[in-house]
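Per-chain residue numbering starts at 1, and chain names A, B, C and D are given in the order in which the chains are listed.
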Amino acid sequence: MQKSLTGLLMSIAMLAVVGVPAGAQTAAADPDAQRKADLVTAYKILVNEGILDSFGHVSVRSAKDPTVFFMPRAMPPALVTLDDLVEVRVADSQPIDPKGRRVNGERYIHGEIYKARPDVMSVIHSHSQAVIPLSLTPIKMKPVIAQAGFLPPATPTFEVREVRKAGDRGMQVTDSTRGAALARTLSSHPVALMRGHGEVVVGSSVKQAVVYAAYIDINARMQTQAMLLSRDIVALDEPELFKPEEFDINRPWEHLRQKTLDDAAKAKVDRAQFGLDQTQEKR
Amino acid sequence: MQKSLTGLLMSIAMLAVVGVPAGAQTAAADPDAQRKADLVTAYKILVNEGILDSFGHVSVRSAKDPTVFFMPRAMPPALVTLDDLVEVRVADSQPIDPKGRRVNGERYIHGEIYKARPDVMSVIHSHSQAVIPLSLTPIKMKPVIAQAGFLPPATPTFEVREVRKAGDRGMQVTDSTRGAALARTLSSHPVALMRGHGEVVVGSSVKQAVVYAAYIDINARMQTQAMLLSRDIVALDEPELFKPEEFDINRPWEHLRQKTLDDAAKAKVDRAQFGLDQTQEKR
Amino acid sequence: MQKSLTGLLMSIAMLAVVGVPAGAQTAAADPDAQRKADLVTAYKILVNEGILDSFGHVSVRSAKDPTVFFMPRAMPPALVTLDDLVEVRVADSQPIDPKGRRVNGERYIHGEIYKARPDVMSVIHSHSQAVIPLSLTPIKMKPVIAQAGFLPPATPTFEVREVRKAGDRGMQVTDSTRGAALARTLSSHPVALMRGHGEVVVGSSVKQAVVYAAYIDINARMQTQAMLLSRDIVALDEPELFKPEEFDINRPWEHLRQKTLDDAAKAKVDRAQFGLDQTQEKR
Amino acid sequence: MQKSLTGLLMSIAMLAVVGVPAGAQTAAADPDAQRKADLVTAYKILVNEGILDSFGHVSVRSAKDPTVFFMPRAMPPALVTLDDLVEVRVADSQPIDPKGRRVNGERYIHGEIYKARPDVMSVIHSHSQAVIPLSLTPIKMKPVIAQAGFLPPATPTFEVREVRKAGDRGMQVTDSTRGAALARTLSSHPVALMRGHGEVVVGSSVKQAVVYAAYIDINARMQTQAMLLSRDIVALDEPELFKPEEFDINRPWEHLRQKTLDDAAKAKVDRAQFGLDQTQEKR
């Protein structure tokens, strides 16, 4: 009853945010088809970029029903296909009809962030080795490269011990309490590091989350390497930060995507799409 | 006579530990077939992950007869197949019927560890370049990433000079004395670094040893990089460590395994196996 | 009118520098064909070497008309072909007949450098991760490897903030003001780093710019790694620097090019060309 | 006349050292065939390991006539075949019958080392990026890994400025004076670093030189990384060093070689050869 009410309120909130037309759900085409396809592509890209390992996972919120999201069953990320996607409730991070298949134990990361952040349409949790060294130290990640202007001046690092109750064990976010605490650390940011564990990256689309994750990796490596050379490094200042809508993510997405293709698939890329956007390049 | 007695006692100890049913040895199927197949897969994974080089080796204890173990003849790790496996005695690290083929001179690492550790079913010796830098310094490897909760608070480093007698030369573990000393340094841990040489990793199965070796590499790199940034790093505390049975190794094993497959083989992976385990994800 | 005059003067200046024979433009063969082909090869090489990412770009000045240059429409660098090249005016960095296709927003980097440097025939702008760490610190890149003797004793780093007017935002060089400022920082050098952004590399040919970019990457990594070990490093002194004409770029170009070929294409490489140059190896 | 005498004395010296049977030169089979084949394989291995770049080169002394050596014409290392080998005189580093083809300008490195070191049968000059950082600092390379026990306690670094005469330019070893100076720095060692340039590695066979070069790379990286963590590192002590004959180079050679093969070629590797050597593994 409580859950249904939450779900209804969430649906209304979502409609307000994403502006889904009232009749979209009755359209012949599945409004989630593109999101699911992007999710599968995201797995290919993030494995190829070395961001996802054995345990990372990505999800996308449903366009049809923002109280649910899709994520794959527990499996090697490189092998994920559309058939592996399971529908999970935002309210309690439980799968709706898993058909006997288990989703990841850390699905609470996704559910609690979708609950706290109506603007978020996609969540990535990875064990990125680019960010872990920073996460182990008192040093905060700062935006240092031009393409990381979406980062806050200092990226928060989640410390699971702060929500650890007596008798609690482990570092994983496998319940709603930990998930909600991580969402609080994330706050309104696009990324939070997780000490000794990795990161969570969110976006208003799968594409945005993936492109952000790729540039966070580069930013973390550049900051780390620069700080080994000198503690006197220049981070982006306020006029160098940018709003999400100022960053054309289609080009890096397309670049990252084609890196996952073999020669035959590369030859079939729709080349007519390139260079048609007449707006100025943003970054 | 002495050796036979040791073998008999070892067999009894093993049965108690691994609970092999009395009739297992008479079963039509070879109870060692899966272990041997996993051993061959382990070579493919560890070469692919850059953990095994020209001289590393992996072994598995026999399920049929815990007084013997299998390891390949001396050869390039990437080419190992079932036909290359040689049966070696735990008691004295000597091959039983090598058919003229030599096994590695450092087989004493394996024999002496199997002798000292009835719980160990698989041993990996590698020249992992991820751990060697730490091994050259007074710094101990600590668990710093979530998946390395199987590590002790400080991993011991084997110093071969401590057992070097007058006139002894070299760093290799090519006799029982050095092997037994390494086993003492390893103690009850899953891993010991070897100064300037590499590491030895053990597990209750080939899969566990391989997955441990993969995460030890990542842990060592993350600790090293973090310590270059700051000496004030956070290692896992006691509630963040875990027991072997709390770590679902099948998922990283399957992930690492599929990374060794070409596209055709990937297409044949039994996908029905994924997500069926209804227990919560452990790590 | 102003633009035409500039163009005319530029044409004359160019003819003086590159010595294009008067009748060249009437020749049956397109004098730009080789330059364009080299430009496409440059994309393949620079992607393969990890120097170009989603947003990097390369251009070449026209041999026929030095007041224009060619660069691809905005697209993933790995997919660039001859058909993607767009003609752009040096005078104002605007495409001449884009046929609805957009070129990169940072084309002003190219236009302004061609304007300021009549000797420059090719410009590379990349987000090279080898140089960014140095660019974030007060440390200047110095030539430290034998093949980087084309570098000045200290490579300048462009600081976009120095030309930022009140209200200006972002780090990109998307107008003539910023492009001209970058050209002033570059001065007569072959390379300028760009703080938090990457670099611009120029050459008297596509080949030279590409080979320079490759060695700048190696030089930056070697300097960085050496400075982590010791602040007392040896840079090249004056007798170790060299003039462009003393550096045989054909060999590294051919080496880098064949690294982009598959086995079938490698087998077709014209091997008869090798070792025919009877001049001494320069570097 | 002088040259012929030198050649004769060299031949006699060589016969004494390598023990070539008197009748070997009249054998039907070319005694240099295996050496040349190994040289071609060496190129494949060293390119694959990232040790040779655009300008590195490898040579082998003739078994038939130790006053000459073979090295390829100036060309991309990855493409070298038997047909590219040119015979060069030890006495003056000049090609005997180049058929219009040029050999590398730095062939004096090879010639002068063969002249000074009758025990040397193969010379590698590379721009290895593993050793260059150390070469730029006052820190000497030391043996730190078990397989680098062939290294001297401190590897010498060649400083070309020490033989630079007034008016001399460049860092390359393109004449006999510089070559002889490098040979003096090398002295009786298997390797000398070259400041800002790379290294020269020598062996009693192509195989030995290649295996040494591979382990020098690993040793340099391990020492570098360890020294970033701590200045208190443990290098090999005297009993941990070994003589060349104590190091079984066939196994790493075979391992490195098979890494250059595609799947079809791997399937054809003569597996019967493995594990037949009944001597103990040395390292």
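Annotations for the structure displayed:
We take it that contacts are C-beta pairs under 8 Å (C-beta built on N, C-alpha and C of every residue); 3 or more make two chains touch, one makes a residue touch a chain.
None of the values given here were measured: they were computed from a predicted structure.
Counting hops only between chains that touch, subunit A reaches subunit D in a minimum of 2. Among the remaining chains, A is positioned farthest from subunit D, on the basis of C-alpha centroids.
Fitting subunit A to subunit B on CA positions gives a rotation angle of 90°, reported to the nearest 5. If you average the Cα atoms of subunit B and of subunit D, the two centres end up 35 Å apart.
Work out the mean CA point of subunit B and of subunit C, and you get 50 Å between them.
The set of subunit A residues touching two or more other chains comprises 228.
Screening every pair of chains for touch gives A-B, A-C, B-D, C-D. Residues of subunit C that touch subunit D in their complex: 144-147, 149, 218, 221-223, 225-226, 228-230, 232-234, 236-237, 239-240, 242, 246, 251-252, 254-256, 258-259, 263, 266, 269, 271, 274-278, 280-283. By the touch criterion given at the top, residues 53-55, 72-79, 84, 86, 98, 100-106, 127, 129, 132-134, 136-139, 161, 164, 168-172, 174, 195-198, 224, 227-228 of subunit B touch subunit D in their complex.
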